[in-house]
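Labels run A, B, C and D following the written order; every chain starts at residue 1.
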């Protein structure tokens, strides 16, 4: 047992935490991130990499269901931590650390849980791969684009060409082709495997569709959010992907905002607007991949929440200088979701969204700088907000990495703020 | 002795992986089975003391299969769930023909009295090959080069869905070009 | 390891490739068959070279075989893409009219 | 052409080479986490963090998603580690080498091309959109960096008149190749970061696709894939020493020590750069690779050829 325990003790220092943020729990999540960092714990990006599942706040029914599924996907040893409020963070983390060391309990858990990954009955959303199974292009098989070809003759043609054993034909008749629209399978030899399943392990095969290159590549369905690193918590973007291009998207907020108490009303004294801006800056910089800048923005955010002024001022000043001068950063973000004044008008977006992602990054840094310096009190969180329901209109047609950058550059407010205005 | 064991081991891998290409259910597996077959043949060529050609075979074929896999997925695709599939026609004829060809070739290989070896391999084969290409056989490479270029051009022309008129407008004057995905140097 | 052995292995690879090229319906799979056949040719050429006339000029032939393989592949991909774009198919059977 | 004085050591020494490579990989990981801990102001998690992460991943159970192709997934993940070992086989440490291949440079190139297959396999096998997108992204990056890398490798080979790694090192006793072929050196380093899926080329593992190829990997699978990336980075840095940095040449210290020092220096620069550079987006970098890097590499080769011909 000595070795196992020693391993567990060492492993504890590198624990990874999958953070689920229920709408309205922005402050909890931020405090959690800071406390995690102090222990040397890092956020996990997927359940596959996580040891601890930390749920900030009390999730609504939809999010709770998703949390269950994320829990199922964690490899184990796994521990759950319910972080109900910013003040509960430390105790929750301590408890999680203690539970992680409890090797016998994890053995039992590993024995008793489902041994094989399964697809849950409801496949609605979730940011992670298992839900986004890529049912694979069946362009060769599915015949969405076949236009003039009629299935029966098509199947017949294939059968005419092949020396199929009779049994193969019998099996073929057992298959329901009408539902799955797979005429092209006519020539297949089914003798070796009777009731061929067009949805192996319950994953339906993908269907093709028109794409911008005219290749009829298959469409995959991938929900972005609500639990996804550097993504506005609570937002779900149901995307249809061809390759990695989003051809269609539909936005929703998890749990429909049924329990939204805005962070502004509840924590108005606690949360400086600059900290929220800084957090969005962290997301954008992390998505671009400039790790040092993201880390700097994060520590500025944490310092702001502590009420520190001088530290963030210096940090933001430097950040501003680097962002303005970095050629590669500009190269990376130029041309991402360019918005003209007419676009702003049409989608009723605030003026700060003008230009492309680089312009918005610069304006975001400048606003943070102004707020930190106190020269300009700045707009409080929730005013001049970007309505989340325009996101699908903006991102359709973009590559998925660009979508992420585009959404992050819009500087959305944490979710309940939206509901608050929406309900008013 | 060791060489013989290695040889037959690689030979079995090469042929088995070749068979696997047409047997396995998954597209990715089929493609990479072919890659394994090529790697084994490349190793066999190295065993036959032609290290440059052997290594270059492995290099090219692994790269090619990596690209091939993308085409497989794009054009026919298969779930990694290993969905059983078989898209063949004229299977019996094909088996007959290929068995016949194998018997013919193999018996030829075994029965024809191959002549004795003439000459000895050069000391530094790679160097000798380079001198050969740049010397006597330069014409061959001089032909292969343009053929490759022609292939690149023809391949792009055949495969591209958009012409320069789509990109640059009817008078070819639109700048920057109208592309669905902008490039990296801002043209 | 002898020339006979090398040639038998090469013949086996060639035959397997031939089976694939004849029986497969999907263009890309047909190409895989062709590749396997060229693979056999390559091995046979390497065997002949080593066991019969190990002069550097023979190696040039192998290089040409390799080059031919890449050209075949590139054109195959291009044609497959074109076929797919025009017909939304990748089955050789559905492009039969092209052979008339 | 200078006489090469390489001794091929018995195969048993491969174990030592493996240990050296692992040490270098650990150094890279440790340096990276130390830099990251400093930047983030984290209390813990400095130089020893990779050891703790290793312990964590050893303790973690393997998990796959529904209908994953586990075979391909594991071939991809473990292949990264195996590939890096194949790569160091041809790198001479001072005057010793494991395999003095007459086509060492091409061997290096072949192994780095393997990464194309491995990363894609790991991404595909996971049966997740994030992994698949990651795999495709890597291929797009590969198409952009591989050809310039090949031409960059050609430059030292032309100058040395040999594809043997030892000859390339031996040909630099008067002037290091990095001095008169800097473009090739830079493109070589771009290639090394590329096939290590490192820093600017980590789009395949990007935050925007929740870890991409790594998204669904857990436990040992994740460990070997990550270790393989660091090992590839170390192997690539080590390869730059005989190719561009004069091999074991240097005053006072023995040859093997100089190789080690130079390797660590290159490795440290590569690790440090990761934090400074954004990820090169594959869709944008493709054009850079073909329109900027490739012509630059070819021009470098031309210059080198002219110099070699002129010097006779």
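Assume a contact is a pair of C-beta atoms (placed from the backbone, for glycine too) under 8 Å apart; a residue touches a chain by one contact, two chains touch by 3 or more.
In UniProt terms, the chains line up like this: C = NADH-quinone oxidoreductase subunit K.
Owing to the predicted nature of the structure, the values given are computational and were not obtained by experimental measurement.
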Between the pairs B-D and A-D, the one where more C-beta pairs touch: A-D
Identifier of the chain whose CA centre is least distant from the whole-structure CA centre: D
CA centroid of subunit A to CA centroid of subunit D, Å: 30
Separation of mean Cα positions, subunit D and subunit B [Å, integer]: 25
Rounded Å distance between subunit A and subunit C, as computed from the means of their C-alpha atoms: 44
Overlap residues in subunit A, where contacts from two or more other chains coincide: 139-140, 158, 161, 187, 200-201, 203, 214-215, 331, 399
Overlap residues in subunit C, where contacts from two or more other chains coincide: 25-26, 81, 84-85, 90-91, 93
Subunit D: positions in contact with at least two other chains: 67-68, 127, 136, 281, 283-284
Of all residues in subunit A, those that touch subunit D in their complex: 7-8, 10-16, 37-40, 42, 45-46, 48-49, 51, 73-77, 110, 117-119, 127-130, 132-134, 200-203, 220, 222, 228-230, 241, 243-244, 286-292, 295-296, 298-299, 328-329, 331-332, 399-402, 404-405
Complex contact set, residues of subunit D against subunit B: 67-69, 71-72, 75, 101-103, 106-107, 109-110, 113-114, 116-117, 120-121, 124-125, 127, 136, 139, 142, 146, 162-163, 281, 283-288, 291-292
For the subunit C and subunit B complex, residues of the former touching the latter: 1, 3-20, 22-29, 31-33, 35-36, 39, 42-43, 46-47, 49-57, 59-60, 62-64, 66-67, 69-71, 73-75, 77-82, 84-85, 90-91, 93
Complex contact set, residues of subunit D against subunit A: 36-37, 39-45, 49, 51-53, 55-56, 58-68, 126-133, 136-137, 200, 202-203, 206-211, 214-219, 222, 274-281, 283-284
Interface residues, subunit B side, partner subunit C - complex: 3-4, 7-8, 11, 14-15, 18-19, 21-22, 30-31, 34, 37-38, 41, 44-45, 47-50, 53-54, 56-57, 60, 64, 67-68, 71-72, 74-76, 87-91, 93-95, 97-99, 101-102, 105-106, 108-110, 114-115, 117-122, 125, 128-129, 131-133, 136-137, 140-141, 144, 147-148, 151-152, 154-159, 161
